[in-house]
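What follows is chain A paired twice: with chain B in the first complex and chain C in the second.
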Partner chain A sequence: MTEFAALAQLTVVAMVPYLLASLGTMLGGLTGVFSVSQEGVMLLGAAIGFLVSYGTGSTTIGILLAAGTGAVFGAALGWATTVLRLDQFVVGLALFFAATGLAGLLYRIVIGQGATTPRVDTLPRLEIPLLSDIPVLGTALFSHNVLVYLAALLAVGAWFFLYRTRAGLDLRSVGENPKAADSLGIPVVRNRLWTATVGGALMAVAGAYLPLVYTGTYTDSIVGGRGWLAIALTFFGGWRPQFIVLGALFFAAMDVVALRAEVAGIDIPSQVLLVVPYVATLLVMVFAFRWAKVPEFLGRNYDRESRTA
Partner chain B sequence: MSAPVLTDTDAPAPATERPAVRLLRGLLPYVLALVLAFAVSGVVIAALGYDVVEAYRTIVTTSFRTGFGFTETLTKWVPLTLLALGFTIPLAVGRFNIGGEGQLLVGATAAAGVGIVYADLPTAVLLPLVVLAGVLSGAVWAGIAAFLMGRFRVNEILSTVLLNFVSFQVLDYAATEVWSDPAAGVAATQRVGEGAELPVLGGPPGVHAGILLALLVAAVTTVVTRRTAAGFELRAAGANPRAAAINGIRVEKVAVVALVVGGALGGLAGALEVGGVHGRAIEGMQSNFLLLGIIIGLIARGSALWVPVVAFGIAILEVGASSMQRTVGVPAEMVLIIEALILIFLLLSDVIAGRLARRVT
Partner chain C sequence: MSGATAVGPAGGAAPGRDRPLTMSGISKSFGPVRALTDADLELATGEVHGLVGGNGAGKTTLMNVLYGLYRADSGEIRVDGREVHIRSPRDAIALGIGMVHQHLLQVSSYTVLENVVLGTSAGSGGLRGAARRITELSDRFGLAVDPRARTDRLSVGARQRVEILKVLYRGARVLVLDEPTTNLTPQEVDGLFASLRGIVAEGTSVVFISHKAREVLAICDRISVMRDGRRIATVLRSATDATGLASLMVGELVGEQTSEVAAALGVGAVGEVPAAPPAEQRRPDAGRVRLAVSGVTADNDHGVPALRGLGLEVRAGEVVGVAGVAGNGQVELAEVLAGVRPVRAGSVAVDGTDLAGAPTRRWLSTGVAYVPEDRHRDGILGAGTVADNLLLGAQRRADNRRAGLIDWRRVREHARDTIERYSIKTPGPDAMAGNLSGGNIQRLVLARAFDREPAVLVLQNPTRGLDLRSTRFVYDRVHEARDRGCAVVLISEDLDELSLLADRMVVLYSGEVVGERARGDYDVYELGRLMAGVREDA
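Here is the complex of A and B:
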């Protein structure tokens, strides 16, 4: 039973970066702004989160600054695709490159080239009184770092906002039919801008989570495809927070299983275990793209003066 | 995707457009983008306390100062051009091949495998086999994504990227379990037989003969996309899928074929890296070719004619980058930022040039 509790706890910890990055992707996507720069923005978030924590000794400031940087990248995507109406994928890729380069550059500048890799303290666990004493469940759900609780609250909050408030309905209408939304006086550009900005911030926090919770160190390969998996997860979750949580659980479980099987020395080549998350995602997408409801205007720019849109 | 992703600036402009307007549209964005990218990066380099002039001098001149630098640039040009073409061919149909890395690695693994297993065969037999193994496996690798896209409508951006991560493990398996070479010091396969090595042109140091293949591929791609029915279908399917479909072009099939061809080029790049540069498949041999290939393809606006030219420019920057890191101390990552900025400013300049051109007319 303790073994199961430990596995469940690991899974919950591994869920968070997927969940945050995917919620960020979802938020922008629901208004039609499709980001493909997750992998880069997460890496930049990881670099900034790590470096600031290293410099100031404060994990909180690290996470906040990472979020701010991610917001700048999200806002840049929003601005370039709404005000300038540039192609979303091309801008997204350009921002992905810029963020990737910036992450490596900042780390080399602060830490130096080829120097020993420094460590920072990882986020402490906050055991919730009483609840964390429940057998199994307490370990699995209620003794985690603060970001786990925040991510959970965020998912619930996002669901409530999007599906139980007028502003959320307006927001979703922008991604479904911007022309209709525009004619009703819903500000299309403003909605796209703020969702893209917040989305970028969430991706960067997802990245900062990796060094500040998992490893305590930064490497250029720390994100390891999680940004791309987050996009897949968002499709898989049908662009809805409640299913994205389930999807994140699935992705995290695959991570943990692959890790465990390797540690347990099961007689399978380690390479086979390591490709499991990616292959499983490919297979899942075959079905996800069948049933998933995608925002109608996902990845498409809105031009008020266009006659065809 | 309904709109063309990129406008091909080489397409004949309307006859009424005045030369001044054409110049504004065609050239101005590039000049602006280059100047702005280097200016912004220069401010950053200066703010970091490095010598900007010396840094830029190193970046630009390293490739031309020594024969070695120039050879290195040409050697880098080969995979960059091939991966960029592998990106732009599907892009013409509005599909994004972000899997060049994986296609290169799988191609390299297959090429190395053939080169090791049949090491005793003579060059005339083995070398074509090695190249063919790379091309075919790259095509098959992209074919997985193409199949999922064509049959199940799985987004190709995701499938090609995810296959990259699978390819790392394919190479790792080959390099540590099947043909491992403990003496190599890094995770790598054994050396291929002598018959699998590409002849060296000129030199010393000289460039491997794969550069001729890359040139040929670039030329053929240009001719095919511009002068043949297949190329016309490709461009039509990308420019306006609905109109193309109405006129009997099977858009989805064109997209699938384009993606497979793109993968074949990635696989070719891998085989040439094995036969011409490393003599084996090595983990990490993909370097940052994937990002650079995409940047090149986008800067060249998808034009097969311009890809080799832009690739040469990027190869110069890349070779200069490592030299700059050694002599001036600026981290080589700076160059990736310069390249990303060139692309970003090019996109922004398009907007500006478009507005200027409208004012001139």
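Here is the complex of A and C:
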């Protein structure tokens, strides 16, 4: 039982970066801005988060500055694809490379290439009074660092905003049919800009989470493909927060199980388990493409005066 | 919708009150193309104002400028006599201007209610109140639609009513309708006109864009005619007739035959077309079945059955028209007949040879020619040259090859010859095909189709978006094919076009042929019932 509780707790902890990065991807995507720079922006978020909290001693400032940097990258994607109408995929890839390079560069400038790896304190656990005393469930859900709670609140808040408010209805229409939205006075560019910006910030926080919660240290391989998986997860979750949460739990569970299997010396190669989320996503997209709905205008730019679209 | 009542000029209202909208000196260019040159328009309160003209006359562009979708290069717009600057649809809506676009602008996964309230979140009540208001509006103006229904489950006619409700919900005093009758059955057109009468009776002004004189004459109080990007005349309904309008629209182009086509298109020739001479008289070999389709079942792009056991026979020298509301299997039928969509069951035989399942190459060599609906996407390679496009499909023919490779000199020579014979307006064989105008692309597609003496010619909406000159060209080619003994299948959503060309008309509904009428027996309302799915035995 305690073994199960421990695994559940680890899964919830491992879920956060997937959840945040995927919610960020979803948010931009629902207005039609499709980012492919998650992996890079997450790495940059990890570097900034680590370096700032190493320098200032404050994890909070580290996370906030990481979010700010991610917002700049998100805004850059939004601006380049709305105002300049450049190809979303090409801009996204360029931003991925820029962020990846910048992350490594900043770390080397600040820390250098010393023999010892510096560490920062990881975020403390906040045990929620009473609730954390519930057996199993208390450990699994209510004794975590603050970002776990924030990520969960964010998912619920995003669902409520997108599917229960008029503003959310307007926002989603931009990704479904920007011409219809525009013809009703819904500002297409403004919606795309802010969602891409907030989306970028969420991706960077997802990255900062890794050194500030997981490891306490930074390496260039710390993100380890989670950014690419976040794209897959967003499709897997049908661009809806409630299913993305479920998908993130599933992806995180695969992570934990793969790790455990390796530690316990079980005879399944960990690589096989690591591949499971990708295969699952592929299967979902192949067989369930009817319900796994994708925003109609995902990845497509909008030009009001275009006479062909 | 604060109970707006019509204020006449005699009502002692402020100056301009009787002129809810004036546009003047509007010019707009798209790159090198001048779409509007010094265009103007003036609306009166509570009138239906027709805006007519051929394709490319600038009707839609002028209204898109009014609605803030296009920014005019110059010009002035006044609402109630006050000069306004409309930079976006948001500004237009705030000024009480609403527009129903030709391509319905809806989020298809949203409900009717959600589509109507979209963008009105600021300062309005809950969705329940909104639903009540929609129901109230639809009762008042006869725009029946269920607010809770998902938009993509509705018929085109119902979706159009949703568009009008969207505008009325925002309290518009000027309602612009861009070609609203495309894809409506004659019954639905009558319903729309009745609703419009109710709407103008409450003081709203309507701009009714159309290229059909008949419809404009049926609903409008005044009619403005546009040609070449400017308004050339405004006439009272009572002071004109179909011929008058047609000649205004066509202008100096009026030759005997052109005006015949124009009049037929504009006035609506259905039921008035003289029966064509019997096929036997025209051609000696008529009667031989060239195209035999039986029991064809095929899926659409989403894997849903779109054709259900369809059967059709076309004889040599016969033009068979396929009527129906868009989305009832037309695209799939055209593609099956052209051999580019696989069939699940059934056979498509050309001159006795079943081609179902055969590679495209065999369809081509058997003599099947196809003029697709979306000529830009399916008809040409936009980035290829005119010569490339004329060669397409014939690249393996011996006379186009030398030493196993394509003989480009011959191909280019042939292209030059074709350009001349089909009067394709282009700098030459090496010009990019995607830069041609719609009419010239259609000429190119037709030239290619006729290059190999077709046995079966399949056309879908071949004149959509073309001006009268090009329309006439297409019709001439269809007649030419018929006279040469080709079996022609004309799939069109334009009943007038079908009445003009078809020797026989079948109605397609939900992937099946639900009715057939011989020439001389075309009745629009009867056809409309069939198109709407009302069974003949019902």
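Criterion: the second predicted complex is superposed on the first by the 283 of 309 C-alpha atoms of A that agree within 3 Å, B and C clash if a C-alpha of one lies under 4 Å from a C-alpha of the other, contacts with A are read in each partner's own complex, and residues count from 1 in each chain.
FYI, a contact is a pair of C-beta atoms (placed from the backbone, for glycine too) under 8 Å apart; a residue touches a chain by one contact, two chains touch by 3 or more.
Nothing here was measured: the structure is a model prediction, and the numbers come from that model.
In the superposed pair of complexes, A:305 makes contact with chain C only, with no contact to chain B. Of the two partner chains, neither chain B nor chain C is touched by A:160.
Of the two partner chains, chain C is the only one that A:187 touches; chain B does not reach it.
Legend: residue contacts after superposition of the two complexes on their common chain; A:108 is shown touching chain B, with no touch to chain C. In the superposition on chain A, contact is made by A:279 with chain B only, not with chain C. Touch criterion met: A:173 reaches chain C, while chain B stays clear of it.
Counting the residues of chain A that each partner touches, chain B and chain C differ, and the larger count belongs to B. Interface of chain B with chain A (complex): residues 1-3, 5-6, 48, 96, 148, 152-155, 157-159, 161-166, 169-170, 172-173, 177, 291, 294-295, 298, 325, 331, 333-337, 339-341, 343-344, 347-348, 350-351. Contacts from chain A toward chain C in the complex involve residues 165-167, 169-170, 172-173, 176-177, 179-187, 293, 296, 304-305, 307-308. On the chain A side of its complex with chain B, the touching residues are 36, 80, 84, 86-87, 89-91, 93-95, 97-98, 100-102, 104-105, 108-109, 113, 224-225, 228-229, 231-232, 235, 269, 271-272, 274-275, 278-279, 281-282, 285-286, 289-290, 299-300.
Residues 30, 67, 69-71, 88-90, 93-94, 99, 101, 105-110, 114-115, 117-121, 124, 127, 166, 376 of chain C touch chain A in their complex.
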